[in-house]
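What follows is a set of structures to go through.
The following pair of complexes shares a single chain, chain A, combined with chain B in the former and chain C in the latter.
Up next, the complex of A and B:
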């Protein structure tokens, strides 16, 4: 059996608009997502959850098309055999144990009772719930509930996993485990979409992001490359060095350096329109002046600054 | 040559995993959750006691008459007719009472088991999880119908058949032949009652958001309709009889008894339940109630899933 080359992009969203009454929740969204982890970012009410609901077939777009592995998730529920959804809100039968809950949902994928139970146990073990899986859900902490929700999304081994705010309520250690789990799911070649507005958590999972605001797509791609595309926004760069004034005088002469500022006795901050050119020139200038650079970095080449520029 | 990709990362090619019938896991989950409630267990015990009590009554009636029959064989056909009348008539009365009582008991049990089937799914948002599986709307509807329908099946239809079987098995030869005629009308009544009870509770559940509230409304509604349907016709309000699902079921079962019986069976019956004047209208009322329940269920699932 073979897969047609045209179906490699796991999800295709073309010209999708979704209205709720007079509110335009999504406006002409075009998006293609493939294997790996993608962070879906945006402030509250930006349309992230609506987008996930369209992908998971819970909503029908007013215009445009959504295709998941070539199928329309709204009209062709077969696609859900290959999709796992972890919703933001808790949607449990509180009296059930975690194991019974995940087993029951896994059975809906066509597995027999025994296989569904084995898969549920494996998924719960993968999210670190082996010890607590026989607890009633009502007695579980927020973090345990979150893990149980993720387990039901991955128990049937789906190639597509949609996670809506998966780290809500988890403790720092649990968060680190779940971040590692999401990364591992992506490395296995699954298409994982993580919706969140906790930027550093998304950054720890992936460098591929989709930014939405007011229902419109603001940016899509690698964080570093997206930042580089914002050439009208100069980079801030911080260098910790012994004689910052001397280095500042040398660097301000470079054509792409717009401004320099000495911070205290041992640090220099500058703005440049070309980060790569600065990185190439800096070692030569430091060597010429006989300076040793203790530390350097760009405080606004990360996801947070990208988000600030594009969203706020 | 056509471009082809043979494997992409993790992507697993569609396997030959057999599709299992999706409604059963839905029904099983619902029943397992209901069984965790103490009130459900209590309801089941009460239903079982009712079945047991009626079983004892039928056995006692049949065995007593059997003994009397042996004693009276010497006295000729007149006595035999009386014996037959008391066996068949008493069993008929007991089975008719059984269906009536079980229908009320079943309504209580359904309120505990099935009132939250759709309402709680809506309240907790579990529907979203159900429909993120390869599940069609009809699978969900059939699953819920199956869960609710098993209650009257186990507490009404199956026990009725068992009681009838016991009566036929224990009765004297001639009486058991006459008792055969009670099966079809009784079974028809039990099945129709099961369908009406199942669809109405699910229809109400589709309207509400809290299982407990739905359950209380259902039980109170059934009791009010049943008592109104029993009392008002005695005071000249014949139309009110059609309000009672129980009375409509009895009307239908009684009509089936008339249609399928020999003249002999009808002569043997000691008592017959109060019924409505028009069988057609009774059937239409039952169909209307069941149809309304189904329509509400389908409408709710459609609106919830269509987003």
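Up next, the complex of A and C:
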């Protein structure tokens, strides 16, 4: 299943604010999304789901505009024909089988009974549910339910796929399969938006991320480029070494080292403003003290730290 | 794989059937559907009760209350179950999906009351009038209560007040005020007599006038409800 390049999906969100009573769920969001997988990151309550609900035409912005392929998506059948949504809530028509559930929803896209069933079966196979698709949903595990929910979002082959916390409740193996599926959907040229608060999962799916916190857009772009923006921010570094106190005393004298902290008997963590300078100085200092460095690493090397920097 | 047929109302018929089947599988629905015609049959054939009380029971009592039970929560139930997202993010007009759900809600009411109305009649003409009254009465009541379900949080209480207080009180008022009740028109259409105080009973006019009123209430309620669901944001309860 590959999408025609001429029908590439684009979403434009301009100056969008959304209030729920006195709560500002989204605040002046500007965002453009194209083909490929974009990770929508933020802690619970940050506004991710509200943003997806605006894109999927369930909510209307109080100010600003949302456009999906140039159309206002609110209650807009033309947009829904090209959009697949996996909602956050773990809710279904519980008495239905997975196959009947996905078939029924696919029929609302205008497919006949046989075609809808074939598409439902193909989508369920794609999420690894062939074996369990005739079980009533109420008898399914959380992971199976999650897969079924994703199947109903892709059964009609939409160019836009919105997945709200799609990996919730899945086991590690299932998670790996779904991560591969999301990547494949992106590689097929679809515009896929995946929301999550589990950062390493998003990192496994994509390097294009959007970070939201308190309803505001904190950062957007490639993780590497975002990281580059943070070069002037303090960088944490962990060194496992036999006599951490001695090394800490030597390193704190360096001008770019802001703080050191001994962790247990065999490690220290420090904060530097110049990672490269630290890497140049560290071997010499260790040799001078007769120390052997067992392990080096940075807790700041993953998306988690980037996320923490940007939201705090 | 073939291309889908796309129209804003495509799929609404299927959706009505899908939810009708779900409604019919619910505990209690089948009991209503079987018990009400059976009750009418026992009264008419077993105890030789005349057309009038059986017709009144079915049309004046059961049609509004069953319509309230099935129609009042037509979308609220899906809001509370948080399943409305699935239908409302499909390429079908929301008003069409609402109408489909309303038809699915009216289904069990019709399946219960139409056979009962047919049994209540004491001849083909009388049965036909009672059946017509049951169909149009169900349409009007279900549509009205469906609309109320979109406007108030607890449509059941409002509906009960409407059926048991408003309509009950107004039917006993001499003159034209009684014609402001749906029940007066359902009775008139079904050829049933209205209660009278001091010999004065409200005259709802001709049977086709009553049919027009019931259809009108149904159409206006559906149009208003369709407008509401098209404009309303989809905020599901947690």
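Of note:
Everything below uses one rule, namely that the second predicted complex is superposed on the first by the 235 of 312 C-alpha atoms of A that agree within 3 Å, B and C clash if a C-alpha of one lies under 4 Å from a C-alpha of the other, contacts with A are read in each partner's own complex, and residues count from 1 in each chain.
Quick note on the criterion: a residue touches a chain if its C-beta (ideal position, glycine included) is under 8 Å from a C-beta of that chain, and two chains touch if they have at least 3 such contacts.
Because the structure is a prediction, the values reported are computed rather than measured.
After superposition onto chain A, the modelled positions of chain B and chain C overlap sterically.
Once chain A of one complex is fitted onto chain A of the other, the partner contacts of A:214 are absent, as it touches neither chain B nor chain C. Of the two partner chains, chain B is the only one touched by A:159; chain C is not. Set side by side, chain B and chain C differ in how many residues of chain A they touch, and the one touching more is B. In the superposed model, A:77 makes contact with both chain B and chain C.
By the touch criterion defined above, A:188 lies against chain B but remains apart from chain C after alignment on the C-alpha atoms of chain A.
In the superposed pair of complexes, A:119 makes contact with chain C only, with no contact to chain B.
In the superposition on chain A, A:35 makes contact with chain B only, not with chain C. Once the two complexes are overlaid on the shared chain, A:92 sits against chain B and chain C alike. Of 21-29, 57-65 or 165-173, the segment of chain B whose C-alpha atoms clash with chain C in the superposed model is 21-29.
Residues 53, 56-60, 77-78, 80-81, 83, 85, 87, 89, 91-93, 95, 104-105, 107-112, 152 of chain A are contacted both by chain B in one complex and by chain C in the other. Against chain C, the residues of chain A that register as touching in their complex are 53, 56-60, 75, 77-78, 80-81, 83, 85, 87, 89, 91-93, 95, 104-105, 107-112, 115, 118-119, 152, 156. Across the interface of their complex, chain A is touched by residues 2-6, 8-14, 17-20, 22, 25-26, 28-29, 32-33, 36, 120, 124-126, 128-136, 305-307 of chain B. Interface residues of chain C, counted against chain A in their complex, comprise 1-2, 4-8, 10-11, 14-15, 18, 22, 25, 81-83, 85-94, 230-231, 233-236. Chain A makes touch with chain B in their complex at residues 1-5, 8, 35, 53, 56-60, 77-81, 83-85, 87, 89-96, 100, 104-105, 107-112, 152, 157, 159, 188-190.
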